[in-house]
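What follows is chain A paired twice: with chain B in the first complex and chain C in the second.
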Partner chain A sequence: MTSSLRLRAGLVSIVLLAAFLGIWHLATRSTAPVTTMSPEYAKLMGLTATQGKSAMPGPLDVGAKLWEHLKRPFYDNGPNDKGLGIQLGYSIARVGTGYLLAVLVAIPLGFLIGMSPLLSKALDPFIQVLKPISPLAWMPLALYTIKDSSVSAIFVIFICSIWPMLLNTVFGVATVRKEWINVARTLEVGTIRRAFTVILPAAAPTILTGMRISIGIAWLVIVAAEMLVGGTGIGYFVWNEWNNLSITNVIIAILLIGIVGMLLDQILARFTRMVTFPE
Partner chain B sequence: MTDKFISIEGIAKRYPGAGGVTTTIFENLWLSMARGEFACVIGHSGCGKTTVLNILAGLDAPSEGAVIVDGQAISGTSLDRAVIFQSHALLPWRTVLGNVAYAVSSKWRSWDRAKIKAHAQQFIDLVGLSGSEHKRPSELSGGMKQRVGIARALSITPKMMLMDEPFSALDALTRGTLQDEVRRICLETGQTAFMITHDVDEAIYLADKIFLMTNGPGAVLAEVVENPLPRDRGRTDLHRHPLYYALRNHIIDFLVTRSKTFVAETPDHDPRNVPVVQIGKPGLTIASTGEEPRQTWMPGTSPGLSA
Partner chain C sequence: MSTFDNPFDPDRKLRAGCVCGQHRSAAEHEQATALHCEPVASEETRYEGVVASAVMRAMFPQDVARRAFLKSVGASTALAALSQFFPLKTATEVFAQAGTPEKKDLKVGFIPITCATPIIMAAPMGFYAKHGLNVEVVKTAGWAVIRDKTINKEYDAAHMLAPMPIAISLGLGANAIPFAVPAIENINGQGIVLATKHKDKRDPKDWKGLKFAIPFDYSMHNYLLRYYLAEAGLDPDTDVQLRSVPPPEMVANLRADNIDGFLAPDNICQRAIYDGVGFMHLLSKEIWDGHPCCSFAASREFITSAPNSFAALTRAIVDATAYASKAENRKQIAEAIAPANYINAPVTVLEQVLTGTYANGLGGVKTDPKRVDFDPFPWQSFAVWMLTQMKRWGQIKGDVDYKAVAEQVYLATDTKKLMTEMGLTPPASAYKSFAVMGKNFDPAKPEDYLASFKIRKAS
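== the complex of A and B ==
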């Protein structure tokens, strides 16, 4: 039953994709020559004017270009012409660094706040104010103080991914079942051991959920951040190709951003499943 | 009572209520138990039974008074006093063996892995869970989970066991089997046990002494009923004992009527010298003694009156 459902769902997915690509192709294909002009002039004007071809690339154009990129993902012809693999690598490295720094801060801090009602109440107003700030709003401040655009981007990733992790860790730690804590108390388990053997495993699913939300936000923000700071990265690539008016490359970049985002989410989802316990 | 292994001395528990009014759950509560004794506390919800147990366990602190165990006033929890929780409170991410081993390794921190495992295994065998060591709590039935809870409590070889309605969440059949197990283990190991229950038959079967508490707030320990039934009583022929109905009726009368009226009717009640009721012995004013059983309780039709 489940396998047949999967099969049917897969089939529907393929049909939908085919329909989308078909409509896209039809909408952007060349029509008949629109005007008669001298061959030199026509050459100058390009297919858009002469053949009635849409300025938007069709799926075949994008596919061909994508194949070209996939064949040479890591070439480097100077600052404005790098392979997509290199650009994505820069973005992933930035996200990874900022995100790991956020993990290192958010989880221990969340533990402390979650275990102390005093700290929890005292820090709550700060967290409530800082949380809704768009991470990009920090960019000028980061650029001014850090004076390095690449590190500023990492800082922006750090600041945007810290909140979901922090809040989920606080929540997870503060809502560990009283009876599990009581078990540890009646066994005279010390605070540190209790934190690692009872609170951490009990709160792990909630913490991992926060980490999963965070990686999603970080990947959303890195594109925008790189558009601002420039230089390298997939976000910069998108903006650069827009300036080149290469819509084909922009579409390819959008596709790849989506795929990498999905992979990052899947990795965290797998970790979440590993720590989730049935009750 | 010469040997006071456990002595609760004048404890009170108060909570600050709304508008600066403090609610007194109970106050000036005195209670003592001898070593190796099995005691049950019966009373309606809200009389502070669980609070008394939590204070004994060290999970809660009394507002007044002290608890002395084995000659020492307690402060906080201790590995000498094991708790069997109503909701079994197993750690769901650990296996059966892992849950018991966690308790063992908490008591004997220097033991190596093999020694901890062997010790834990011994207690898993004792509660009849051999073969399920590597299952997670979610794969176990309610009765099996509570067995793990019992194994965990026993594995640290405590001086006493505290049980907060340990079988109330189980079906009648499983409850019966586990009562047998607990009775067997306690008799074999000479364990001192303090149990909260709502089940009158459970108390009659298991307890040497039954503490009756009046309704809260302002609950008092009204009576200590000594169980007149022989020590080798069995669960199946319990109700055939000539004193069974007298005892049962006494407790149920208390729960139904006297728990409400006791405080008003007994103004000279001395909480330090709670009357000890010995059913079936001469010189006592127990109305139901010698009377024919009035009840039409049939074995098998009811798992016991739940108060």
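== the complex of A and C ==
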């Protein structure tokens, strides 16, 4: 039963994809070439103007270009032109660094706040104000104070991924079932040991959910941050191709951003499943 | 007599007149030829010429005595004799190298437009390497970012719009940090492009209510467009909308009908035509022939902490500019700067910009070899003009010491010295008057010039 459902869902997916590509292809077909132009003039003009080619590339253009990129993903033609593999590598490294720093800060801090009702109340207004700020709003401030664009990008990742993790850790730690803590108390377990052997496993699923939300946000933000800061990364690639009005490459980048984002999310989802326990 | 006359020429006139014979004095000749980096056979011959001249002059300080000597033995023998007991070759090499750069690995930021041609081409065509530098040219996302990265010292020097270093030094739109301009990048090379639907609206008087894009507030584009509109009787602050839009987005916005036109740097203008969304209404050259557009800028701090690196960098830029100013090199340059690593644009578009034979978007092919030109000399009168316009449109309030600011930011004196050492002919004065849309500008009387405009922001 489940296998046939899977099969049918897969079929529907393929049909949807084919329909989408078909409509896309039809919508971006060239109109008839313009014939009133003198050949001398036409030589100086682009295909959009002479052949009536649509400004939006069709699926075949994108496919051909994608193949070209996939054939040599790691070429390096100097500081402003690198292969897609290298660009994605830079972005993932930035996200990784900022995210790990956020994990190192958010989880211990969340534990502390979650275990102490006083701190929890006192810090709440700050967290509530800082949480909804768009991470990119930090960018000018970061550039101005840190005075280094790549560190600024990492800082922006750090600041955007810290809040979901912090709040989820606080929530997870604060809502560990009272009975378990009371049992630990009756058995005279020390505070440190209690934190690691009772609270941590109990709060882990919530914490991991926070981490999963964070990695999603971090990946969203890195693209925008790199478009601003430039230099390297997939966001820079989008900006650079946008500069050349190469929509084909922008579409390819969008596709790759989606795939990498999905992979990151799946990795965290797997971790979450590992620590989930039946109640 | 001037440094660039050939002292090995026995028939050179000694007293009145200049080398070309058309002017009364050498100074006048220099002023007339202003600065057109006239090509000398090659870099080495040029330096050799300068060194040999200096030696010859040192040996025969009296012009008459030198002439007698040359007449009797002939120029080539004299030169041969000279190199016998004076190591001309070594001297030339030493001279060309000047001081060793304090810092060899430099980062220079640029915005991907054809204005940056000398900065960009100097990397693939080896001008930086020739002057002993290892320069990485880094593409940057926008003018504000290039400003911040240069201020933060991520870049040692950068491509900036000509008014930006003045604005940064004055603290407009940023903290006041002293910046300096050793070289102008390009002159001309911008244009007003209108959406194709406006092809019958060629008179700017009919432009009330239109929306225009400019690349940045502190740009020649902003001042030229405002000037052009005001001359047509429109107040650019109330009669039209002016928006700061990053250049690549201009073409997309024009296609989407969000703006009616723009005054933008080239290749963007030509790109709009190439993609069939607009036409060239006017080249910026027709507003002011020879206007500066972009500059090569560095902070004072970099100049004082690494003077030799800065000098070598300036020499490389001046060299590249001289090379780019020659029409026959333009095609080769277009190919060198088109790849994704540099400007990232179709070669056809860059060729049309650089060679000046271009499609105008209305079905015609036009030719104007001076559509864009390259001339490194940082005229201080340019800076004075920009300051008058900054004041005219309310970017500066209160009194301005035009001359002091111009001289502090535009390093005409240093560049002149450098160019002289390189065997080029810089102009004698750092000020010149010029005409913008037929109206004369006298750099000595900026306040009168400013007062003569009817349309300006009330201050």
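Definition applied: the second predicted complex is superposed on the first by the 269 of 279 C-alpha atoms of A that agree within 3 Å, B and C clash if a C-alpha of one lies under 4 Å from a C-alpha of the other, contacts with A are read in each partner's own complex, and residues count from 1 in each chain.
What we mean here is this: contacts are C-beta pairs under 8 Å (C-beta built on N, C-alpha and C of every residue); 3 or more make two chains touch, one makes a residue touch a chain.
Just so we're clear, the structure is a prediction, and the values are computed from it rather than from any experiment.
In the superposition on chain A, A:Ala55 makes contact with chain C only, while chain B stays out of contact range.
By the touch criterion defined above, A:Thr197 reaches chain B but does not reach chain C.
Of the two partner chains placed by superposition, only chain C is touched by A:Ser149; chain B is not. When the two complexes are superposed, the chain touching more residues of chain A, out of chain B and chain C, is C. In the superposition on chain A, contact is made by A:Leu245 with chain C only, not with chain B. Of the two partner chains, chain C is the only one touched by A:Pro79; chain B is not.
Look at A:Phe277: by the touch rule set out above, it reaches chain B but stays clear of chain C. Of the two partner chains, chain B is the only one that A:Glu188 touches; chain C does not reach it. In the superposition on chain A, A:Trp180 makes contact with chain B only, not with chain C.
Touching of chain A by both chain B and chain C, each in its own complex, is seen for no residue at all.
On the chain C side of its complex with chain A, the touching residues are 112, 136-141, 145, 148-149, 152-154, 248-249, 251-252, 255, 271, 273-276, 339-342, 344-346, 348, 352, 357-359, 363-365.
Across the complex, chain B meets chain A through its residues 57-59, 77-79, 81-83, 85, 87, 89, 91-93, 102-103, 106-107, 136-138, 156.
Those residues of chain A lying in contact with chain C across their complex are 36-38, 40-41, 43-46, 48-49, 55, 77-81, 143-144, 147-149, 227-231, 236, 239-245.
For chain A in complex with chain B, the residues that touch the partner chain are 177, 179-180, 182-183, 185-189, 197-198, 201-202, 275, 277-279.
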